[in-house]
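What follows is chain A paired twice: with chain B in the first complex and chain C in the second.
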Partner chain A sequence: MRRLFLVLAAALLPIAALPFTAGAAPDDYTQVERGRYLAIGGDCVACHTIPGGTQWAGGRGIQTPFGDIVTPNLTPDEETGIGHWSADDFYRAMHTGVMPSGAHLYPAFPYTYYTKVTRADSDAIYAFLRTLPAVHNAVDRDTLPFPFKVRALMLGWNEMFFRAGTFEADPQRSAEYNRGAYLVEGLGHCGACHTPMNWAGANDAARYLQGNVLQAWTDPNITDEQRIGLGSWSVDDIVEYLKTGRNARAQASGPMAEVVVYSTSGMSDADLHAIATYLKQRGAAGPAAPSPRPADDAQMQSGAVVYTDNCSACHKRDGTGVEAMFPPLRGDQVVQQTDPTTVLRIVLQGAQGAATDAAPTAPAMPAFSWRLSDQQVADVVTYIRNSWGNTAQAVPASDAARLRKRVADTAE
Partner chain B sequence: MTQRLPAKDVVVVGLGWTGSILSYELARSGLEVVAIERGPWRDTAADFNITTAPDELRYGIRLEMFLRPAQETVTMRNTPEQRALPIRRFGSFLPPNGVGGAGMHWNGQTWRFLPTDFVIRSHYAQRYGAGFLPEGNQIQDWGVTYDELEPFYDAFEYCAGISGEAGNLQGKIQPGGNPFEGPRSRPYPTPPQLQGYAQQLFAQASAGKGLHPFPRPSANISTAYTNPYGVRMAPCTYCGFCERFGCANYSKASPQTCVLPALVRQPGFEARTECEVLKVNLTPDGKHATGVTYIDTQGQQWEQPADLVLLCAFSFFNVRLLLLSGIGKPYDHAAGEGVVGRNYAYQTGSGSTGYFGEGTHFNPFAASGSLGVAVDDYNSDNFDHGSVGFVGGASITCAYTNGRPIAYRPTLPGTPNWGSAWKRGVKTMYNRAMGVGAQGSVMSYRDNYLDLDPTYKDDYGRPLLRMTFNYQPNEQKMANWMADRCDEIVKAMGAQQTRIGHLGVPWSVVPYQTTHNTGGAVMGTDPKTSALNRYLQSWDVSNVFVMGASAFPQNAGYNPTGTVGALTYWSLNAIREQYLKAPGPLVQI
Partner chain C sequence: MTISTRRQLLASAAIIVFSRAAFGHTILGKLPWRPNEVYPPEPLGSPGWHFFTPGEAATVDAMVDRFIPADELGPGGKQAGCTVFIDRQLSGPYGTYEWLYMKGPFPADPLPSQGLQSPLTPRQQYRLGLAALNAYCRGKYDNRAFAQLDADAQDKLLDGMEKGEVQLPEFSARMLFGTVLANTMEGFFADPIYGGNRDMAGWKLIGFPGTRYDYRDVMQNPNKPYSLPPVGLKGRVSADRSPT
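Let's look at the complex of A and B:
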């Protein structure tokens, strides 16, 4: 694995060492293919495509606490895409979040992370985007309500929460760790989802990668924390998960299934190994575990009954599941997150795993909203959060009721 | 007005077991493949939801997964002198509809036929003399041997994750397996399923009689399994909703659980569902297929040109398409000539039900479609037929496929069929009744065949398929002899009372018996007695291959799917290794 990475790094170095050029030659095959790979690593296509629509033509609504932001058309169409952008323009947007017109982008476009992408990588992505067929697709780029629609507000936001900068390797750490850091902190923009946000929608740097809730999904803690983070996962567990969408511990679903399908399953083993190494080595952080609910708690007793009737055939009475098909709930991180949104949502709405070339079966969990009451949902979730050694806060029925309404409104 | 579509390399008619395996393997080889399927797309996640799949009324009684007679039916009669009438509600057999085909709603009993089954005519002639075969028979050798098929049985079993105990590993008899089976190159991919109390009693009783019990090979698998396509299955939960249902647990091998997840990722593959193929198109000289014509649900007709046409529909409908398209000479019963429609066969069912004493708990609800313990001592030519005076045999099994609330209502003989006495009778016997069944072979006969009906047509004006079938004296004798053997075992198991179930004659379209309809486009070595050569290739149109049980020259005493799967991989191998390199007849005559 390590050798693979070195080979890859050696292949990349000469290109990274090239002097900056204003526009990459569109027929530079190596540059374009490197850009294609980097665009996969950045998971660009997931946001810049309507599900089922033309790839890269934009138009997908991204939910934010301030309203929906619709993604732009990244094809080289002169009128509706980025056909008139130069490589400098593209780098400026990536690096500082400013469009050629001087107008500001919102951080739903994660320039707060992309700022660390090197000029060479930015140019490669740009070269790749230039090779896409131009698609005429006008996108309404101003969907936020007042006052957020005033893009100049971002000047102040950037002043408070954003510093343009480049990635600084840590000389104390291995090349692999630094490669992982570059990917996670930059192009991969993992923290955009996995870091708590403050009142202004900015990621809270002090709680980097400690988990978040976005679009009615819990984005779990991905520090090395033992109970709710990746502490009990090995580097290989993480690599397998990112490559295939599942491992013995977990099954990607919801937004992470999309990330796996569009992005990480297409990344090299060396890069995935680097990401995993970085995540494992950069340390653990998270809240202390609450004390588990006692077994004679009314919610626990009711939850046990609901679990036996509805869940145990697949997830097993002892919560161990079926490897790489039905995730174990015993010791599961998502189940024990402080915020129970994902686990509530999966019970209510069901979920389907990611299908990848390495693991084409995409097992699904059915929706139980039609046959479990809010109280039963809250009870069974409380039960699995506090059984087999799991510990997490009890979940009130009101949480299930609120989420039931939310997912009913956004049926997928 | 038929619209012509861009040509494909391969058109596959029907997307069940055979169609999905061929589609995947050929698309993976780089060919452009389109599968055309009459029924809807079906997927485990969307259609076989664990919270709704075990709905006996919807699926088991109202038959949601199956072909509706209004879509297509067959006409039937018992003898060539009778006038056939259309089956207006399927009963004795239930043809499939939709992606997955019969491989989606089956029970999962996955057998290899015995070495003698493939050479049955020459074997019987040699052991018992040519005059031993029954009157009017058209029994014939398959043109392929067990040894030739072994690697392809293996391929299918490893695709499907079959659970079982090997009885013969590379010629060495293994304890606990079927000692009569042909040699296997390696063990089953997964260990046998767990068995219930009734199966334990059966194993003891049959062993006590000198028989050789073994766990029935099962496509409801015992442990999690990843097949060579990278598709993953989960262990069976013994819920007892297998036959007539889609499996919600990813446990029952089916195109959905074993092939489709990999197939749909193939860039060269496309499926067109709810599209019915009307005919295979031929060049004017009738010697080469140019593709198929199909109709969609809007009534629009499309011509799909293709270099290779693979008929992968249910057995009846393969035969009907051949007849409607003019591929191969139709079987002429009066003249005793022709091949398409020849040698239709079926399966016998007989056995004994035992009623046990108070305090017995068989728990029939903890079941799977293929849970069971079997003996093969009376199958094929595993015993001396000289004294019994019939040809063929049966696998004898003690099994629970289900204990479902609507249909599983055992009562003692003499109990009323309704009212409070019936309810009491069910309550008394639900947990105390068990059966031992014999699934028997059916030989081929001049008088059992398929042809186009002269009277009845479908919505598109095409003649329906007509079946002429009855159980012949040989099958009656065999099945009833087997019922007596079953009864002996049930009594030895300790039943207080038994009820023998003889073969129902004449064969009737009700009640349900089995969907093991075989023959009509059989494989063989002589174009005068077979529609297909030993590679399942049409003798007459060499770019048409016909998969499925329609290729069986007669039926053995087993469920057909294992052999259907093996023949598919056998034919695929010939297509890939021989046909694609040099298109044309693979057997010269």
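Let's look at the complex of A and C:
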């Protein structure tokens, strides 16, 4: 009887706690844990930590076309962290991109997306951040060159490109779709990377989720487009990819491997399913396929030789790869993106897949920069982009040369 | 634990010793990997001979071309870069037998199964042996060096060296013959990155596919000829051209 009472009490506890979450004290376990989960969903730690450094203490340089922006310390340290911020301050930063001092944040902090996060969710994340051990870590927050270092510029930028707002559910759609929309358009800020940017670094709303190039990585189209988007992926394919870092089609590498490791692999199956449902049902958009390169094209012929000698051992001559180990190139989306940066980069410097609890192997590909010339790299990438039914623009050797210089010293 | 017996003391000591060894290296999380991490083969270095004198190189050129003469099947030892291969090997750790125990005693009449029984490093074998060979030739063939003999005379001389019938002044003819023959074969069939096997001539001769990694695609086609050309560690073409 006593045991039954305890079980009942435990079952009722979270329900009983719910109505009091808003504005609750930091020691409110339920709110803190909800905040911890939401912070995972927002992938906050990936940017607010130097790789290998103290988590949440900031200091990581985020490359933007305007210069590097160093992320702030999110621990509750009074002097160098956000110890003196209130829950209202935190929501204001999330919702409008303005710090307690009144100074503007740059949209490298994706407040343009976080503006849709509800007050309750913002408060939960705040409550969670209050529980972190305070770390004294002063971060130089003014690394941008003039004129971009003038934060007041963001007033004009916000005027042109930003509207603070809350998430509006679409009553025509399912609750699951709307949950996915809330996560993707808000906390998950997927569009921050996966949407093309305009001249001012603002995401181009008209081409939402149609792919982008950032930090010398191609962020692929994640609309339902058939050739270069998620059109040929099922909802379950997407869920498996986000949960484990790989599926039968693809393997997360580069910045997306980080997203999987720090964020999506820690999200609930229900939320991942909602994200996948939203992405699949939102619709397809993207450029029309170019005509494939003819097989007798000089680049295609040279590329076939390079492919046979260097790539086919793992990816197979028919481009089908080895399931769960070497991703297939046939029908792959990243390979066929209009911008070839990621494929070129992986050929030049290699890549390692994400290591998650569900898929801990993290297979890696070695760098080929030492044995392939710029022309050979361009040829083999052109070949991969136009074989086995793939179609994409040819890649000139100058692209490979430029990227070789760009990534020669990158350690991440 | 208080140690009260000799056995306990020994057991504790063993645990300390073995546990230190067991925790020597631990990999946590995912396998280590860095972008741009490459281990390219060492290049052949500057042109010209690194160990041989021009005269020695000419002698070795002549020898490797008798061991593997150019014919309708392909290039000979010299054209395939065997001399370059041997020169670069001698200038590296092989030249001094860096990893071998090189002290005596050396039996006067060792069995072949006893391997090397001499204090002479490969560098010394070539330097002394080639000098002895040319001294022998100059004495016997009208002051001509080995490289200046015609092919028949060279073959006859090498044949005599192999059988132990030719006595070179102050050097074992058999040792010189055996060393150069072994190194010639190594140079003819080693990966082209080491200077020999130029254009993969050796591999093409015997149909060796080279450093391809995976043959499952081929094995699924039984009784069909294998048509791919050989590939070396640096790709399908020889990396470095002749340095001489």
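The definition used in the following text is that the second predicted complex is superposed on the first by the 386 of 412 C-alpha atoms of A that agree within 3 Å, B and C clash if a C-alpha of one lies under 4 Å from a C-alpha of the other, contacts with A are read in each partner's own complex, and residues count from 1 in each chain.
The definition used in the following text is that a residue touches a chain if its C-beta (ideal position, glycine included) is under 8 Å from a C-beta of that chain, and two chains touch if they have at least 3 such contacts.
These figures come from a predicted structure and were not determined experimentally.
**Q** By the touch definition at the top of the document, which applies to A:128: first (chain B), second (chain C), both, or neither?
**A** neither
**Q** Looking at the overlay, does A:360 come into contact with chain B only (first), chain C only (second), both, or neither?
**A** Once the two structures are laid over each other on A, A:360 reaches both partners.
**Q** Could you say whether A:352 touches chain B, chain C, both of them, or neither, answering first, second, both or neither?
**A** After superposition on chain A, A:352 lies in contact with both partners, chain B and chain C.
**Q** Should A:371 be classified as contacting the first partner (chain B), the second (chain C), both, or neither?
**A** both
**Q** After superposing on the shared chain, does chain C or chain B touch more chain A residues?
**A** Counted on chain A, the partner with more touching residues turns out to be C.
**Q** Between chain B (first) and chain C (second), which does A:323 come into contact with in this model arrangement: first, second, both, or neither?
**A** So A:323 only meets chain B here.
**Q** Considering only touches as defined above, state whether A:278 meets chain B (first), chain C (second), both or neither.
**A** In the superposed model, A:278 contacts neither chain B nor chain C.
**Q** After the superposition on A, what does A:314 contact: first (chain B), second (chain C), both or neither?
**A** both
**Q** Could you tell me if A:106 is touching chain B, chain C, both of them or neither one (first, second, both, neither)?
**A** Neither partner.
**Q** Please report the chain A residues shared by its interface with chain B and its interface with chain C.
**A** The overlap between the chain B and chain C interfaces on chain A comprises residues 310, 313-314, 352, 355, 360-362, 364, 366-367, 370-371.
**Q** Going by the contact rule at the top, pick out the chain A residues touching chain B in the complex.
**A** 310, 313-314, 322-326, 352, 355, 357-364, 366-368, 370-371
**Q** Taking the touch rule as given, give the residues of chain C at its contact with chain A in the complex, in rising order.
**A** It comes out as residues 29-31, 33-38, 40, 212-214, 217, 228, 231, 234-236.
**Q** Can you tell me which positions in chain A touch chain C when the two form their complex?
**A** Residues 305, 308-310, 312-314, 316-317, 348-352, 355, 360-362, 364, 366-367, 369-372, 407-412.
**Q** Name, in rising order, each residue of chain B that touches chain A in their complex.
**A** Within the complex, chain B touches chain A at residues 44-46, 49-52, 224, 226, 229-235, 237, 239, 248-250, 257, 261-262, 264-265.
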